[in-house]
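Chain naming follows the written order as A, B and C, and within any one chain the residues start at number 1.
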Amino acid sequence: MILFVILVPLVLGASAFAWPDNRTRPVLLLVGSALHVVGIVSLWTHPEAPVMNGYLFLDAAGKVVVSTSSVLFLASAIYAQGYLRHRSDRDNRVFVGGLLILLAAMTTVGMAQHLGVLWVAIEITTLATAPLIYFNHNAQSLEAAWKYLLVSSLGIALALLGTFFLALSGAGPDGPRSLMLDDLIRAGPQLSRPWVRAAFVFLLVGYGTKMGLAPLHSWKPDAYGEAPGLLGALLAGGITNFAFLSVVRVLQVTSAAGEGAFARDALLGLGLLSMALAAVFMAGQRDFKRMLAYSSVEHMGILAVALGLGGAAVTGAFYHVLNNGLSKGVMFLAAGNIHRAYGSKRTDQVRGAARRLPISGPLFLAGFLAVTGTPPFGPFWSEFMILNGAIGTGRPVVAALFLLFLAVIFIGMGATVLHVVQGSDEGAPGNPGFKDSWLTAGPPLVLMLAVLALGIWLPSGLMGLFSAAARLVTGT
Amino acid sequence: MGAWTDMAFILVVVLDLFLLASSRLGAAIRAVALQGALLSLLALLLTSSGHSLGHMLVVAGGAFFIKAILIPWLMFRAIREMAIRREMEPLVGYVPSMILGGVGVVLSFAFSRGLPLPTHEMHPFLVPTALATVWTGLLLVVSRRKAVTQVLGFLVLENGVFVFGLLLTDFMPVMVEAGVLLDLLAAVFVMGIVMFQINREFASLDTDALSSLKD
Amino acid sequence: MILRALFQIGLLLLLPPLLLGVVNRVKAIVAGREGPPLLQLYLDLWKLLHKGAVYSRTTTWVFRAGPAVGLAAIATAGTMLPVAGQPAIFSFAGDFVLFAYLLALARFATALAALDTGSSFEGMGAAREVSFASMAEPALFLVLVVMARATGSLSLSGMLGPALAPAWRAAAPALLLSAIALFVVALAENSRIPVDDPNTHLELTMIHEVMVLDHSGPDLAFILYGASLKLFLFAALFVRLVADVGVAGIWAAEGVFVVEVIGFALLVGLVESGMARLRLTRVPQMLVGASLLSVFALVLLLR
């Protein structure tokens, strides 16, 4: 089943390139996504042993991230049916094929227990998504695609160097001499500490670039701003989560080797920096899709802070992965609808979205509330857990900064969102042919309801999963 | 054999410095191709035990084909199609770039003495050369304006990572190097496609034109 | 011994013009011409020494002293250069610094004389020459430092003496890199292509030539002779560093030295024929590159 979940999207993606009909090609997305969800559900109910010499295995941390992305991908696939029908003037061969390959690659990242396989899969996610950013075929999206490709490739090359350092740290005569996660963790104290430390730096820079942590986030506003909303949802709610998972794997090894304190401090610093930067740049943002990109930077910062705090905050981090994935899905899909309806992303041109798009407009507002951590939505609880962790581990300054940045972001983002959603849409530019339909407004609505439900009632099974995932990291 | 290996490593670093100074794209591409060829040669020279010689031949052959033949050919086609031959004055000027590169070389040699190798040392120049080449690649990507030179910088960075990967050939020979080569090929392929599009859209490969998106 | 010392002084005094003749002849042959006779510079010097000098009314004693000071400085520098493996006439710890600065003094005197004419034309040439020299000097010093570190001696005679062979065995790559850097510096200091074209007389392209434009008669003879002597000094330095052939017998060693120096002139001629002059903005890059090669060589030695 593990192989099924990876190979099915891959095969469907390859066949998408060969599929001749532009109008029916998006169905492949739906088929691939549905089969993927079925596979993941089956892996929940019937857990499998590691396959392929232990290279692939779905452990607790991987389960959280892969399941989130599977649900998000399903919602996006349904959305894509409506979206691609609306954009039927464009050839969607690369788009559909690329998305399916992305799904396969992301799943591989989630299941990888070998750091080399992890790296290859992350590389493939970059290469698969770069052409997709260029879907709109204009100068800005080309610029965004180039910056994304170059910066991500740079980061991944540095991550490869870090992986080599890690392999070298275990290359001594009594070392594990392997890149398998379990081997490295078990042989933790025997790893050469200077090399582990150097490895962590490079791996944090490399995978942090993919996550979009400051100061390595420069590609995010451009890429998320120019990509179609659907792709933005998968980038912000999918790939960044998998990059986070990669950092988690690295942290597991680094902690086992005794360099955990250094690693956590670095993560804490970068996390707080990301939140601060997001807070600064969110204010007065003139493009609501770029605003969402900075929101993504902020949430990756929150995840990094949680990892850096350790202890109970890490459970909150995994809970936040689920919340962030789903709520980013809502925001980007709704933003995509608003963009289509107005033909513009600029906040000085778009207003009154609640009137023109009776579902997507309010969803954008509700999503904003969720994303900034307003109760009773899910993210409130996960951020609360992280805050609790900060105070619990005796770091009041971190807690205070955390709250401060969240507050500033709420104000900054709120001004933009309220301006876009409220008011009258008289005189705003527009695309009268685009209205909310079940295919384009349904998925974000369902995702929003899920975010709300997670906030009101969290199944104990899920909480158990988050705790299990956190135990992998903290080692307790 | 030892002297040839020494000279190969030194030549890799000299090529790094040359790349930082060069403004002619054709010369730069040839230098990167030569560096790739040197690296495949080094892969062969550094093989210690006999049984992995078969693997190393494959890796060295693959590295030579991809780094010294295929990718330079793609790059030459790119610059011929776009009719560009010279880099423009980069963000960090040539002389400061060279000096920064020189500083990088010095620091690489200094740092590599502080990092003791857990395995037996294959060659004392290996780690410093790898680090210096990675540093050069980073400098090139960050400071140059033309997209082609940025891609060349990425290639140089990968060369540095490849050199480092040679250290691991004892216990994970093929996977490591195959990963690097795969990454290189795929990345350059996709970058090439994007570059063609950039040239079509902007009628130039000057990345100054790619600066309309900002806050 | 005395005979040998006299022979070396004689070599120092009489051989240099032949080098320039070789260079010019090689350039001509490669270009497909017949070229001037090898002994042309001797004949030129003889002619100039018998002519009278013309001095502009705007010049002062500085102009008259320039060529003489220049020649004296270069000749003194020559006494510190070991030849054919034998110690130099004067040698002491740190004499390589004095060597470099005597060459700088000669250039300074020439530049001052050029400025003394009060013409902006010469001033431009002096400015260019001096700015290139300011970049060539660190390169030269770095080469000498590499040689000092490799051989463990602080004197030119020690560096190029018996300690050189073991140094080559121990650190061949470093010395090879610094030899390349030395060659580049030699081209720069002697105003050869690719730094400066000695045959050009176009306003925009002259660097060294324009500084000496106003001299005539014996002054010009001193200047031309000084230039050839400087080339000879660098030739001796380079061939000694690179081609340290251990030949038994004193006179055989001297003979080998003469042949090697002429070989150096041949090499310079070939390089000049093969390259074009660099754009002025590229010359600093070339010199910084030479410095970096020496820095790299030093790093390899210090490792």
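Please note the rule applied: contacts are C-beta pairs under 8 Å (C-beta built on N, C-alpha and C of every residue); 3 or more make two chains touch, one makes a residue touch a chain.
The model shown is predicted, which means the values in this text are computed figures rather than measured ones.
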Overall pattern in which the protein chains touch one another (line/ring/star/complete/other): line
Greatest separation from chain B - chain, by CA centre: C
Between chain C and chain B, distance of the C-alpha-averaged centres to the nearest whole Å: 37
Gap in Å, rounded to a whole number, between the CA centres of chain B and chain A: 31
Approximate Å spacing (C-alpha centroids) for the pair chain A, chain C: 65
For chain A, residues that touch 2 or more chains besides their own: none
Contact footprint of chain B on chain C as seen in their complex: 172-173, 177, 284-285, 288-289, 291-293, 295-296, 299-300, 303
Residue ranges of chain B in contact with chain A within the complex: 114-119, 134, 137-138, 141, 147, 150, 154, 157-158, 160-161, 164-165, 167-168, 170-172, 175-176, 179-180, 182-183, 186-187, 190-191, 193-194, 197-198, 201-202, 207, 210-213, 215
Residues of chain A that touch chain B when the two form their complex: 116, 119-120, 123-124, 127, 130-131, 134, 138-140, 142-147, 149-150, 153-154, 156-158, 160-161, 164-165, 167-172, 175, 177-179, 192, 194-195, 198, 221-222, 225-226, 281, 285, 290
Complex contact set, residues of chain B against chain C: 3, 6-7, 10, 13-14, 17-18, 21, 94-95, 98-99, 101-102, 105-106, 109, 113, 124
